[in-house]
């Protein structure tokens, strides 16, 4: 069930249904940022959306929120097309999403993340949200979980098997392959030089562009193909369904 | 050109191309909120996205950003599936989008809005953004514009012609028709009672639900059809292209 | 009853009196900003104050708060004497006024506004205030209303009758006439060139000054006179009393 | 010169005139809060306004801004009619006033304060404003000064001479006398019990009301009279003019 | 009992013990800022820590929190080693400390302050904290108190007796003597010129450095000695214990 | 060189000296939070302070700032003595520390962290700080680095060798041993039950206390001893000096 293609009575009925995942919601979350010479700017929000929507098509009991498509990408701002929230803005926005979803009775809120650069801020936000309750000695009526799609059980290993060399850390062949599978009309080609991009620390935008001139970090995206992307999606879907089901079933102390 | 399906070198090349609309970007912006018994929760962000993407398919010179899908919908929070930002969060997020896009050299930023409830906050945000420059006696390197899709030249009149009675103010047949045209597999049916929903002021969420029990304001969405929706889209596309072109061509004093 | 010229026991007694308007308060709100070559910088806060105080003199049951005299005027900052809050500051301040007045038991808070540029931010603030309640499924113990003084029933039509040409949008002859009636010792004269000022969009302060070199938008303030101002005041007073009474008597769902 | 009764060209001309006080502005600032059984709720913003306007009438070279009428009065909120900003809001608002006035070229901004409870927050605000410059190794183009009207040279001593007993700390006979002189039609009478109110610490609103049941702290306002108030005003006016002139003439290192 | 050298069960037991000071906590608070040619940068947080820890060694019933070591020192930023919070940050941090301590059941929170420049912001913070309760007509479950160590009963007089000339306002011989007593290995020597530093107003950092080239205000720190410092500490300890005991024993209305 | 025990001329001279580490500063940063039945509440800020001060004693070229002793510990708030900042406050405070240190010319700012729960917020803060520069296409004049003391090269392996079983994730024997070595008079003893604490997710404070009743996560602190702590310190000191030297020497692109 995709929230944005449902009516409110449909969501209402599901919430009251007592069905297995009826009080759990998955929020695809990512970033709109450069992904090297060929990667789509939307890669990081498209990947979790692709996987979550595929899972929902297979199992309608999964409730999927609209995609949170702009995250924390300040370090990519020297590349056109990148859109970033400041971490503080990102925190406020996530907080409001959680307040909205919890208000309706969602008790488990699962963020399926597509951008490593989001992790710190999302975790800080969870702490900010929990702190409101911790300071006043109350328990929140919801539990939050963050899962990067590549950390779904078995997925990272699969990606490394498919791309044993040049997987890298940004504009990876696996994420680009996932978008190629879903958007085959938008596959782009480039001569990468060097074939495998350099590694290094991530700081501000100009430092980033100086270190990583074409935007990639440690990756060789030329290895991506729609077929490999589909393989990754096919493995991610059951892993997501299992992971969400476990989260929904978790008994709280 | 859809930013999220482009690579950064493609955006970079376009920005440097000197083409007519190369420094103008359209941001579809809306809200995820209840739209009565049958309207999609995503209606208000889907409509501007549908129209902007249709325009871009017809004229690739139009640059379209990812859709800003969550807006100011606090009054709809008593209906499940609604997700709202607080106005203050909304303002911070829009500000960061503008900072990002302006950083890349976009000089005209056009928000195509799908939610009347967003208007006040977006305008307040424009003032907040401009104020940073006004206080220090500098001119911003960009100009901002807000346009509701139904206020595109000719569109509102068309909607009233198609739906002379029961157009109303929320969950209107015109916006629902637009989503029906784009998402024909998600058309929903209900017995509306009363046929035309009541009118009234908009305040907090519980007040809203008490006044408008099924979520509609003044509308009779039963009149919507995919065909009527397509008619509206077909009229909106050239109106948008013309409006954006005028904005891009506007000479500043 | 003017709050600032009353003692707390007087306000206390009134709040407990059960009288018709005893739980309703009118807050004159405006802006201190340039009003063309002859308009007073205080015009936008003086007008609602003049009207509200005149109404209170006629009907002591009206409770009038001190005047909120600085609003959102970033676009006028290129003209000396303008004082503006950022929209975010304006929102915080209005919120605190509302919290204070509601704390005392005022259940209807009516903002009589004198500045069009305030409208978006005031409405965004109402949403921000209501959101606190909407997120937690509670009803606020108060209702908020915004009314521009020129939108009081009958007033705008009267202004257009008196000034059928060159009323314009800023530094209008009607608002200047109102201040002339109240402050006859501070009437100023200038040669306006052009007689009727240009129209155009409102953006940042330097853009504004370039478009509207003497500060007026579309107006010919030379038509103003104290007598015309008094006529407008005389029409506004009963309209305000009626409007506030209706608001106070409104039954909530 | 009262800014709100001037036009922008008048302010502009004065700023460019090179006259003695042409780049100095006085901002009357106070609070709207309970002042015991008989004191006006507006006492703390009326007093500095009364004194500043009287000074301006005597010497038009004094430029006086509109009155900042709502300050930090959280401790008085248990008494109806009190309106308070949170300190953080107060700080933002003062900051915006300063930004606006400095933008026009005012180099010396003098706050004439009427509320002891404002002092800490105003001083914290000055530090917040200066900090923006201190962190980046630049000098601000303006200097800020806070002066309580009763601390104008000679005034406090005069008040103590007139009211040697029962002057107290809140709802003092001196401030009430000042308002009686200016608003003789709004003088109120009560039987004070006890004659001199108790002293004690200031904390939250309910604590305050429990300690000071009628709102006064240490004062016997029955001693106030319009004549005594006029005496205080007459002494304050030259003291203010001298103090502002000294501030304007101060040579910076 | 020093919190940071205790375990949570020890704090828990004390809080539940019913002992005299078991619900009172002392927070040493200061600033890290220049203190003239010879003063330690840590002087202002070391002094209250030294006195509070000495008191705790003498009377274990005193509960002492970790030292809040960075305060409001924007005016000292032109001198290397100074670390300052903006007042707004300082306010947020103090608020969180109070929320944490109050959450555990501390009902009296006593800030022993070592920096005059902190006073306004700490007081504004108290008002900010209390305001949350005042707006909603509730009493906070805690009481806050600010005490500068030199204002402990008898201490200021003692300092003036020891240093009748050249005590001054910043980098005073008394505070430097206190640190000399505690950190005799870090005593520094300089030729002061002039012997007694000038006095003047405190504004931004560059203004400060221009007025007070070596950082001192009105002081002659050459008079400091470890012995004099010990004398001051010895007088401060019983004064602190008495002051805290009085605060803990204060009956609320 | 400990900043707080230095004078500003000493810091000034060092900054201008051109010495190897003269523009690099180490900030010990941690948290004040429960550490199980026997761990000191200050453990997480004492450990980095202990190691950094030990390093500074061995090599005076190391410049060490005062310890940032309160961090993000909302999940520990159900245990008395814990003091936590909200993540948003923590971010503001770190930002101000960085602004202060960078203002003086420190070009490399190294945070030696003692609390895993701080990591996400510190990293989010770095992004917040960098974003200010990234949005405006400028490079910051400083570089930031976060290092947990147990992640210093070789240290984590050593800890695991010393405590191959029951090292756990909170209240670990290694951190407790470090504090025992430094504060042997404050070693506490308890019967742990179970010997090794459970593992689990970290959420809000009440959830935490329900999962981890005595506060430990996965650890057996009974294994700690002052001797083992000294071993860890002795290994950490050269690792820190090497790590800081590498950071200081890093050539930026």
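Labels for the chains are A, B, C, D, E and F, by order of writing; each one numbers its residues from 1.
As a working rule, contacts are C-beta pairs under 8 Å (C-beta built on N, C-alpha and C of every residue); 3 or more make two chains touch, one makes a residue touch a chain.
Here the structure is a predicted model, which means the values were calculated and not measured.
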Reaching chain E from chain B through chains that touch each other, fewest steps: 2
Which of A-F and A-C has more C-beta contact pairs: A-F
Maximum centroid distance from chain E, chain identifier (CA atoms): B
Fitted rotation between chain D and its twin chain E in degrees, CA, nearest 5: 180
Most distant chain from chain D, judged by the mean position of its C-alpha atoms: A
Selected from C-D, D-E or A-C, interface repeating A-B by over half of its contact pairs: C-D
Gap in Å, rounded to a whole number, between the CA centres of chain F and chain B: 47
Approximate Å spacing (C-alpha centroids) for the pair chain B, chain C: 30
Sites on chain B at which at least two other chains make contact: 77, 84, 86, 88, 100, 103, 135, 137
Chain contact graph, described as a line, ring, star, complete graph or other shape: other
Every chain pair meeting the contact rule: A-B, A-C, A-E, A-F, B-C, B-D, B-F, C-D, C-E, D-E, D-F, E-F
Chain A contact footprint on chain C (complex, rising order): 135-137
Complex interface listing, chain B residues touching chain C: 72, 74-75, 77-78, 84, 86-88, 91, 117, 119-121, 123-128, 130-131, 133-135, 137-140, 143-144, 203-207, 210-211, 252-253
Parts of chain B lying in touch with chain F, wherever the complex brings them together: 99-100, 103
In the complex, chain C residues that touch chain D: 3-12, 15, 32, 34-42, 45-46, 65-70, 77, 79-86, 88-89, 92-93, 95-97, 100-101, 103-105, 183, 186, 188, 190, 215
